[in-house]
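First comes the structure, then the notes that go with it.
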Amino acid sequence: MSRTSQPYLLALKRRKIKNNFMIGLIVLLSVLAVIPLFMVFFHIVRNGFASLNFDFFTKLPAPLGEPNGGMANSILGSLILITFASLIAVPIGVLSGLYLSEYKNDRLASVLRWTVDLLMSIPSIVIGLFIYTLIVLPMKSFSALAGGSALALLMFPIVAKTTEEVLKLTPIHIREAGLALGLSRWRVILFVVLRGKSSAVMTGVVLALGRVAGETAPLLVTAFGNRNWPKSLTEPTPSLPVQIYNYAISPYENWHSQAWAGALTLVTLIFVINIVTRLIFSKDGLSKSHL
Amino acid sequence: MKHQNIISLVHLDAYFGDKHIVKDVSLSVEEKSVVAIIGPSGCGKSTMLRCINRLHEEEPSAHVSGQILLNGNNILQNKIDPVEIRQKIGMVFQKPSAFPGLSIIENVMAGRLLKGEKKSNLLEKAELALKQSSLWDEVKDKLNSPGTSLSGGQQQRLCIARALAVDPDVILMDEPTSALDPISAARIEELILQIQEVTTVIIVTHNLQQAARVSNKTAFMNAGELVEFNSTTNLFTCPENKMTEAYITGQFS
Amino acid sequence: MIAVFVICVFGFLIFYLWDGSLPILKIKGLSFFFESDWDPNSDQFGALPFIYGTLLTSVVALIISAPIAISTAIFLTEIASKRISKPFGFLIEMLSTIPSVVYGLWGIFVLAPFVRDYIQPVFTNYLGFVPFFKGPPFGIGIFTAGLILAIMILPTITAVCREVFLSIPVSLREGVSALGATRWETIKTAVIEAGFSGILAAVALGFGRAMGETMAVTMLIGNRPDITFSLFAPGSTMASVIANESPEATSALHTSALSAIGLSLFLVSLAVSGLSRLITQITKHRLAK
């Protein structure tokens, strides 16, 4: 076909139409992708704001049928669970990440890395089930201990992976400079490598926190829930996501609006964590890059 | 008895796996002198340097035979911990390696600070080291700023100060100025001549003029072998070996 | 030393799940996975309804989500300018940080009514003769659960596709363009076909995640351990039954059955994500050549 023949020009026109159609379709679908985000956000803000008041953050759930009351105990419970989980997951995770970045070729390291990857892909409910059979059943009770452990298991792989990634960014000549100074290997790892990337490691930890703050399923079967203040680590403990769930599936209007308020709180918290850490981390990455 | 030769390499061979990188090198370095090691790329000079503070052991497939004597003691013996050796033999690398996360003054003190010694005990020594590295005046007002906030040339002087602060017998330098601009490089060269008074320097460089400027003696290596080792003046003006002559006249690099 | 500890814990996990599952499996053997009676009160345990529910919701999610996700990835890497793609990509990422339970909440009060009032009637009116599209007009059921899953796995599929597309060398696109192809034709050849296995990997990954999702699904699926061949009927998934029934398990056998479901869920999601990672590795290898 010559460049100006009729069939060629006709085919070209058809191709152009198809092109515009397909590109238009792609753009349309892409816009469709962010619509849910806006919708969810919109509804959370609108409905949540309505029931968000001081009481929400300070009061216990009101007895059935009575208006008001709050989710103060759930917020506290979540804090307790997350703190407990962090105390376990962060040291073990950071040390594991350190180990993985330093001894990358060891057999043991490969097995560990494989384990961490596996742990990352387990559905959270299965982790919850595991802790249920491990801790809840023998103890014959739901507890913050069980809930915190489940969350720790979820946090650990994230912390380990991000720590490993971040530490691997330390250039070899910095490590060697540490060794050349007469520092033993573990000192180099802890005081030179880790110290150099401490804010990046912290970012990884905080991101893991954000991920775990919204976990509900595992807590349903480990910490369960409680309409009172959490008093000890060995009794059922309330948490924000679980409370949202319980209220959402209940038949009471009042509880529904509280659930929205809870959702607003939770989502705001997670958003803030994510945005802030992304800002810090990118600044950190930039400032280190001129080395 | 004072050993005139602070470092002696005795029939040193180094292998990476099957590759024979350093072939039967023997040489001695006098106390408080500057020895330059020159040679074309890949001749094994950096490898040889890294054997001296046993940094070659970072590479799992590396192994050496022969002896390296520090003040008469063979430091290649297995029973000697490399960590101890490195307190007597310091090293400055090609890329300026200030420790991120530590301030300028902490960087200088790092050799002892990171072993648990108190910062207050180390301040005096750190100041001295910075003065010896001609860096004191430039940083005395910002000792607590991050070590990485310094320019490349300043960082390199920081690394030299850091090495000096632990009172080493020898400082090894692996192409310390090749990542720097000419002015910073010149300052480092001045510095080398100055610190000769307190320590011995062994410097690997591919810059012939630099070797000629800073060293008392020069060793020329090629393909793993020590071709010639002589006073710098002699080596550059009347080399004994044809290969040396060819190299310094630029016939190959 | 820590490595050993971690591996031990993990080993424990597998062991416990396996051990917990044993009782039920001993009694019923593999038929456990193929029977559909689930009545804890009379010790009847057949896992098929849940497997069916998990698979169906995940497939629905995939069918809805994949085209949109792939389009979005194409949009972000090929069509949008830097000024648009950065915030756009950021928004999609933010989607992935919303907790499952919040999606469930939104699903119950916004999505389900929407499906009930706008989508289901369409199906009933035009395709109602097909039993697959019949169903009680609750808004809760397999379809809605699949829909929310689609929203939830969208960021995952988009992100992986993006990575795949970005790793295709620019020269390929330029080469096709230079031959006189239109924008779409370039995309079709240089991006979609070249990155096809990567797209598969992304989709597989999304599928795996959909299978493991618990909360949003539980809140929108109706939790009926039945198999109904209708898109709009209530159902139940492996994850949701574990979440719902574990706290109130009536007997050791019941718990064991749930453990068996948990173990199989774990194994299946493992297989799927392993598969997708394998595909990604192979793609990267091939492109590097």
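The letters A, B and C name the chains in turn, as written, and every chain counts its residues from 1.
The rule we apply is simple: a contact is a pair of C-beta atoms (placed from the backbone, for glycine too) under 8 Å apart; a residue touches a chain by one contact, two chains touch by 3 or more.
Treat the numbers as computed from the prediction; the structure is a model and nothing was measured.
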When chain C is withheld from the analysis and all other chains remain in place, what is the resulting partition into connected groups?
-> one piece
Chain centroid nearest the full-protein CA centroid = A
Taking each chain's centre as the mean of its CA atoms, which one is farthest from the centre of chain B?
-> C
Chain A to chain B: how many Å between their CA centres?
-> 47
Chain centre separation in whole Å, for chain C relative to chain A (CA means) = 18
Please report how many Å separate the Cα centroid of chain B from that of chain C, as a whole number.
-> 58
Residues of chain A defined as touching chain C within the complex = 15-16, 18-19, 22-23, 25-27, 29-30, 32-34, 36-37, 39-40, 43-44, 47, 92, 95-96, 99, 108-109, 111-112, 115-116, 118-119, 121-130, 132-134, 137, 142, 153, 156, 210-211, 213-217, 220-221, 224, 241-242, 244-245, 248-249, 256, 259-260, 263, 266-267, 270-271, 274
Of all residues in chain B, which touch chain A in the complex?
-> 53, 55, 58, 60, 83-87, 90-91, 93-95, 97, 99-102, 110-111, 114-115, 148, 159, 162-163, 166
Would you mind writing out the residues of chain A in touch with chain B in their complex?
-> 105, 171, 173-174, 176-184, 187, 191-192, 195-198, 288, 291
Inside the complex, what are the residues of chain C that reach chain A?
-> 2-7, 9-10, 12-13, 16-17, 20, 67-69, 71-72, 74-76, 79, 88, 91-92, 94-95, 97-106, 108-110, 151, 154, 158, 182-185, 187-188, 208, 211-215, 219, 239, 242-243, 246-247, 255, 258-259, 262-263, 265-266, 269-270, 273
